[in-house]
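Both complexes shown next keep chain A, but they swap its partner, so chain B is in the first and chain C is in the second.
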Partner chain A sequence: MGTAGVSASCINMASCSSLKILTLLSLFLSPTIVETNNIEAKAGQFFSSGHTNNWAVLVCTSRFWFNYRHVANTLSVYRSVKRLGIPDSHIVLMLADDMACNHRNPKPATVFSHKNMELNVYGDDVEVDYRGYEVTVENFLRVLTGRLPPSTPRSKRLLSDDRSNILIYLTGHGGNGFLKFQDSEEISNVELADAFEQMWTKRRYNELLFIIDTCQGASMYERFYSPNIMALASSQVGEDSLSHQPDLAIGVHLMDRYTFYLLEFLEDIHPSSTTNMKDLFKVCPKSQCVSTPGHRTDLFLRDPGSVLITDFFGSVRKVEITTDTINLTAPMVHLEDTRPVRELRTEIQTYMDQLPVAEIIHQKPKQKDWHPPDGFILGLWTLILLVFFKTYGIKHLKHIF
Partner chain B sequence: MGAEQKFLVCWCACVCVCAQKRLWEGTEVGTNLADGASDNKVDHVHDTMQATDAPPSPPAKDQTQRFAFDERIWEATNVEINLVEDAPPIRDKEADEADHVLDTMQTQDFPPPSTAKDQFQEELVIKPLHSGDIYASFQFRTQWDTDFLEKHKFSHYRLFPKSLGQVISKFSVRELHISFTQGYWRTMQWGQPFLPSPPGAELWVWFQDTVTDVDLAWKELTNVLSGIFCASLNFIDSTNTVQPSASFKPLGVGNVTDQRFLRYAVLPREIVCTENLTPWKKLLPCGSKAGLAVLMKSEKLFHSSFHSQALHIRPVCKDWQCKSTSWELRQTLNVVFDLHTSGQGKREWSLFKMFSRTLTEACPLASSSKVYVDITDNPQGELFELSPATPLVSQAVVLGDGRTYSVYDLTDHATFGQTHSLNVLLRWRAAESGEMLRPLLHGERYVAGYGLQTGEIHTLVYNNHPYRAFPVLLLDTVPWYLRLYIHTLTVTSKGRDNKPSYIHYQPSKDRLQPHLLEMLIQLPPNSVTEVTVQFERALLKWTEYTPDPNHGFYVGSSVISALVPSVVAMDTNNTQERPLFSSFFPCKEESTYFMRIYTEPLLVNLPTPDFSMPYNVICLTCTVVAVGYGSLYNLLTRTFQVEEPSQGLAKRLANIIRRLRGVPLLT
Partner chain C sequence: MKLKIVFKLRYLWMFFRHRGRLAALAIAAVVIAVGVPLWWKTTETYRAWLPVAQINELAQLQLQLSVEVEVVFSKGTLTAEHQKKIPPSNTRQEEHVVDETTRLRYRYETRYRTATIMEEDALNQSTAAEADISLHMLSESPSGSVVIYVVPESSTVLPEGVSVYVGQRRTALLRAGGQMRVAVALKEVLASLETWIKQVLQVMSFSHGDITAALSDRVRPGDRSREGLADSMRAFKSSPGYEITFSLLNPDPTSHLLHWDVEAAISSYIQPLLSKMAPVANFSIDSQILYYAVLGVNPRYDPTLNAYTLNADSLSHVINPVEARLGSSAASSNPVLNFLLYVPDSRHSPLHITDHRRHTVPSNAFSSPRWGGIMVYNVNASGTELPVDVHIDMRRVMGVFLPQLRLMLGVQSAAPPPGFLIGPCGNAGLADWELDRLMWTRSVENVATATTTITSLAQLLDQIGNIVINDNIAEQVSSAVASLQLAVGQLEVGNLGLAMQYSKEAILQSERAFFDPSLLHLLYFPDDQKFAIYIPLFLPMCVPILLSLLKMASEVRQRPGQGQAKKD
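So, the complex of A and B:
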């Protein structure tokens, strides 16, 4: 069975793991039916994890240069999920400040996660969807709940459905029950829990993995009450999350401890890894993190041990291969251009004069308000005078003046 | 097909050679610009891509007409260079090139030219600046004969990016110009750029006159563009959008202009970084995989003094008669590298040093792919040495001045030599380059005054021409929170009042629209014209402050459009083929050229409340102290007495009467 899994993984790296698990399960349950229901089992396991697409919302909520590490945190998660196959169109990346092209950055267009400029997590093809002043609590909640203005481009939307696994990663400065955005506003854990409930009722997710790297991070997931949410935090209530990797050339800390070890963990993951969430919970023990990372799984229905890391951090497509020939019988009908061709313009087009001085000087100022025509006013006065003299005549003039 | 093409190409080469002969009889075109007869023509190297331009299908009569015309406009020359000893005879060279074209046409499987009505050109201009910096300017042009506005027409996109084509047809765009710039172009040190752009993001769009609700279309368009370019263009709203009355005329062809269909906005705060470059590169037909775009590594491009990327869409003439139009998409990227300081004082640069890459091929989809190096100041090679040497030299009129360029044609395999890579290297011989001519037009701007209540905006416009006056059109957009005192507007040059011949002022509305001020000013020769206007700073509501209000608030650059007298005669024929960098602004007269420059953006401090936590803590504790402690203190220190209940009004009146009567009072 193992060899079958490996050979299958040539075509489809991810189905390998689920295949193994399912076959093992089926071996335990009903060893005799395995052969007969082989095909059904194979077909069924394609959807064992229950999701068909993956999304990620990665948010850095801190502004200013000394918060370099928060941008690096977010970008390192971005790097990992992109490497594991989630395309840019399925990642909503929010960065509250521009560290890469900041004037204080000695190496422009880079953000490093490791000392001595070892790993550039900014990359050469990053796409930031919300940046600078756009990163607000309002925009974040709107992205989650999908209540955005109609003209918002697709790249700024979370277009997930009830078969989507969503990874939400937040980092910034926080406290007991809140996370600050841009040093000027904050989101509370109740607001966040309500947003997730709204997502659940709107069927915007299948399963949701919430990770937060901030001080007292565990307080942010305390109030969650919607199903299918697994949550991780870098520190317990009452603990600070600490920074890591001070760099003398850049002059600031490059990463936070929890995300640093998370990145190290994720760097070893590849699309066919069988590493599960239990391993993720072990990332950054107190000896490394100084704070105690926390997790919450009571809302999650599956056993964390059976949930692959790639269910959230990667976009692994299940591919079913058929050996049958499929005939495409109806070729595309080429539409002939039957409409009359627009007649050629006869007048010769010219380029505009870029600074038509004479034309500008003689431009008439536009009359803003409507004004009755002069003739009409003149006529009206004539009429009034005529009526006056007709009625009183010239002799009564002295009574008036 | 092959034979026909071969015939055509040979014939074309003959025609070209004839053209050259004719020209050489007239004038001996050298690199010397002062040769009066050749001044008014854009002489540049004839690239035989003409052969690919001319589709083989049209009838011969058309061809002759076309070539007759070409003969008139092209003036193709292959200037012999003394540097190269073994330059082949011209006729052979031409034939070689013609053969080469044939090769490329046969080997690369282009679709037949009759169906593909689009073409792509790329070029890179490198100009050593007098300050020791290097100016590199990329231009990519995609041209397509199609009609985006016929919405039901099925279009197959080949070279033109589909995302932009859909934007054009959905919003009925006539012209679209967008630029993202990091840093400020220092005119006094660097001279004029080929394409100007203000710091931050700039967007101006001309809509077709079929658009009914321009504001709505503009709003949606900015949102869509913000998605395409990963930029915060969605911050463009009515508070920073203006509708200029005379500036920003369409750059493309078209006979009618109604300024109602123009919208202009600048976001001076906009940051430009890799995330803007990534989608910009994706719009190129070859992406960043081949051609000149392989040089665009963000780590190098952003490690520069100035970075500007832009995109211009406009209709241009399809043929020389200009009876029909095609769409042109021009993507430009301008960078100024400060190699002088980073290179330990050695003035030496190469493509590899600038971009950490060398060129190995042209974009296979490009009909022309060239690298130009400006050698105007170096006619005999005494200032610097350029290697590898190239036999091709081109002359062009750029910004009113004739310039000479060494040309590397990337479509020619010989350019890459034995190593199969091109690394243009420039080594300086002289320690100092000569003095730079002062730019004829130059603008500056600053805020004067002290305190947080009032201030004054000063705009200085320099005319450095010794004896000629010329008009400039100044456009100022000031956000509503600076309340302009328009009665204090003064325009002075040479100590005297300079009355603008045209003023358009649109006052601001709080939280709705910005101030717009447009003035047409005649600049006297050799003068500085100063425009001042006072303003008052408004108080914002507390939610309107940005998260970092102490940084200040930006006011976009002033735009100065001018008709500057040119040194050499300009080429008024806008339809002919020219190097891309010299053919952007259409030219109407020979004696002047159009130029647009931008001043610095302003950073203005507004009165800002203290949003910090200590302040809020102090406020809160003060309130607690005032309410809590104050009332307690009050209770403890006050003495309490029982107050006599006062008598009613009726009783008091009765008592007055009783007192008068002398009877006992009521109690």
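So, the complex of A and C:
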């Protein structure tokens, strides 16, 4: 990139020859310099990001067939995140409706992100943690804050610690300051900000990347006040996020514009790429997206230019070579089989009587709940009418009966 | 006659107006006296009482850590008159202010005495390790204390160039410096000894750096050195339990038939360490064998070594594809440590790991902080009959996994200061003083985390008035506060075992209280929504009452004027 800049300025300057020699020299020298710097840089990277594991919480909040694009949005981010290395045990995927097995899906078990059915983002091994009606504001906030009932399995929990980088992606229908869940409830930006603050006080994250693809998405990150959060939205307040293109065979819009271009951007990233966040901010400019994507980095401590995409979307583990070994001298003690031998059961087992006919025939009718006799309501109304006529005069009665 | 009727009518009208006024007043009185309190009571959330005053006290954390040090002088280290004048004990205190809410005080209570005859015999052994063992058989020192034996300079029990030998239990052998010989005052002798004792205590008990690192939950880390940051990232945070999984990865079952006696290896080598660490945490171990599990990276063939190599740069991409297959049988939310033993397939044998400078790593293993370790075990599949029976040497394998496990659990072996010799850790894989060190940092960490949890919970419940506080939460908070106070008290006195226990209880209860599912704040009502709900209910009822009250008030104001006008 530096050489391109030099050659561009060369056009304007008069004495270009010395510059050309310099560029040639630098071309020869840079590989060696880069090599030694690389090792240092790699060693330095161990300490620069401060995270040891990655989590992702991907939420699609709308149901019904015509909101196919929101499920496709979430699944495309899921696919990228898995491809870049985050395992399923570290992803909490919440899909409010099942598009792949919807009756109206002409190609069952697929969710496409591009017309002409080029990319099936549903894949072979998708693991949805919260499905259908389980995707509620309450469950979402419970996952974020960790206040789940003790019976919740590990795969449905966000077990992050103070060295986790978390990616949170929300998509659906939203408005100024709220996001609609399941067509019946909504989450406000204040609640979301409070949830992130509770995560911070309990040190449940090291750094957080929040991406939202809804109408007026920028309103959702306005109220954040906890440190180390970076937020991206697909549109500003007052703007609508538009969908990309419909597919005539499937009959619905397949993706939203912002996430479509985000997926295109992420397809070029591989686990060892060094693209940083500044490139992510440039995804989907106004000319492509019609809405203006926004971002917020004032709460983030590091410079966005030094934050790698794989810090959030991938899971690049830090490794250390083991240098110490212990010389074990004690011999191994082979365990005797100390498990007690269980006594064999000797009683004869039989099946329970599957259809106890005699009981069914002779059983008494079930006690139904008591209802007042039907005439009660009629009688009540007659009483009311009589009282009415008594107070206001019996002479009106003959006009009724 | 007409006057009488008019008078009667007027009387009736005034009577009814009077009754009307009484009725309006009575209704207003009932609404205000009965209705408003009833509505307030029925719409308020149930909040059990929390010991807020004690919680606010805990926000200001003043920790005192007491260490008992015993210094034993053997024959030849002190002159006769010095021996008579030794003070029996000495207390040294160090105060540190970490930030405005956290203060630390380290208290070292040192007792001086001379060695007994049996201890002298023990110190006359040929090597330091043997001396250490014989000293242990004589006495047992309580958890958290340190015993330092001062041996004369001429003694041969310590090797050349070594000033301090740190043993397996809680003892250290310190070689007296040259100043002891010269006839100096006792105070100077003790002062020169102090510097060495300080260093020994920093190695065997805790250093200020360790304690501030443990307080990272309370204190923002700020600028920390690279080593400090790497250390803090490597070990798991204090947790009541850990799950450990040993996995054997066999990508090529057609060539290798692997036998590993993992149960015996775990019970012989790993279990003693974990049993010794039982006061710190619970452990649950399982093991598994995975077939056709490949590493995600293709190793490169290196002709100089005549082997395949995996460079350190590509190691970070090895873990992710494997992790998807590891699975987890853990039913709790405890952190999981994975130890993988990979036997390379015959096409890629032998496989060596090389570091950044392209040297092979002797242990052939690497670890990932807060995740676990992977070791590559090369086998000679030289045999005509496939698959080849391979019996894995578990001693070598555990010799690598054990130090990785120690690193993950926080038993860090920082480089000792010059002149120190750390003895081998013994059968348990963990020396007593290492356990003490871990317990010091873990108790402080637990206390710090529990106090932040409780104070942030109290703050949260204060801020959001709509959250219901059930009785069980209040109970848990109260018992957490009580355990915290007990833990801080025990740390002050120096009972490390009890302090660890109380701090664990405090953390369990505070976490349970903080993460109780009933504490979810879903009721965000902006003010305009509150008005929108109450106005349709209360306005139709209140308008007639208010209007009648206003009318009465205006009449009362007019009547004195009217009465005056009449009189005129």
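The working rule: the second predicted complex is superposed on the first by the 283 of 401 C-alpha atoms of A that agree within 3 Å, B and C clash if a C-alpha of one lies under 4 Å from a C-alpha of the other, contacts with A are read in each partner's own complex, and residues count from 1 in each chain.
As a working rule, contacts are C-beta pairs under 8 Å (C-beta built on N, C-alpha and C of every residue); 3 or more make two chains touch, one makes a residue touch a chain.
The structure displayed is predicted, hence computed values, not measured ones.
*Asks:* Of the partners chain B and chain C, which touch A:L141 in the superposed model: first, second, both, neither?
*Replies:* second
*Asks:* One more residue to check, A:I348. First (chain B), second (chain C), both or neither?
*Replies:* It touches chain B, and chain C stays clear.
*Asks:* Does the superposition put A:Y205 against chain B (first), chain C (second), both, or neither?
*Replies:* neither
*Asks:* Based on the superposed arrangement, let me know which partner A:F196 touches: chain B (first), chain C (second), both, or neither?
*Replies:* It touches nothing on chain B or chain C.
*Asks:* Would you check which partner chain A:L328 touches, where first means chain B only, second means chain C only, and both and neither mean what they say?
*Replies:* The second partner, chain C, only.
*Asks:* Does chain B (first) or chain C (second) touch A:W55, or do both, or does neither?
*Replies:* Neither: A:W55 stays clear of chain B and chain C.
*Asks:* Quick check for you: in the superposed arrangement, does A:R154 touch first (chain B), second (chain C), both or neither?
*Replies:* The answer is both, since A:R154 touches chain B and chain C.
*Asks:* Regarding the shared-chain residue A:F300, is it in contact with chain B (first), chain C (second), both, or neither?
*Replies:* Neither: A:F300 stays clear of chain B and chain C.
*Asks:* Quick check on the superposed pair: does A:P87 touch chain B, chain C, both, or neither? Answer first, second, both or neither.
*Replies:* Only chain C; A:P87 stays clear of chain B.
*Asks:* Do any residues of chain A touch both chain B and chain C, and if so, which are they?
*Replies:* 149, 154, 335
*Asks:* For chain A, which residues are in contact with chain B within the complex?
*Replies:* My answer: residues 63-64, 98, 100-101, 107-110, 122-129, 131-134, 149, 151-156, 182-184, 335, 337, 339, 342, 344-357, 360-361, 363.
*Asks:* Can you list the chain B residues touching chain A in their complex?
*Replies:* 147, 150, 152-154, 182, 219-220, 223-224, 226-228, 230, 232, 234-235, 245-246, 249-255, 257, 269, 271-275, 278-279, 297-299, 301-303, 317, 321-325, 471, 473, 501-502, 520, 546-548, 561-563, 574, 585-586, 588, 594, 611
*Asks:* State the interface residues of chain A toward chain C in the complex, per the touch definition above.
*Replies:* 39, 42-43, 46-47, 50, 52-53, 85-89, 137-138, 141-142, 145-149, 154, 157, 159, 161-163, 188, 190-191, 194, 198, 201-203, 271-272, 315-328, 330-335
*Asks:* Where on chain C does chain A make contact in their complex?
*Replies:* Residues 216-217, 226, 229-230, 233-234, 237, 261, 263-265, 267-269, 312-313, 315-317, 319-320, 323-324, 328, 330-331, 333, 335, 353, 355-356, 361-363, 365-371, 373, 375, 394-395, 398-400, 402-404, 413, 425, 427, 429, 452-453, 456, 460, 464, 514-517, 519-522, 524, 526.
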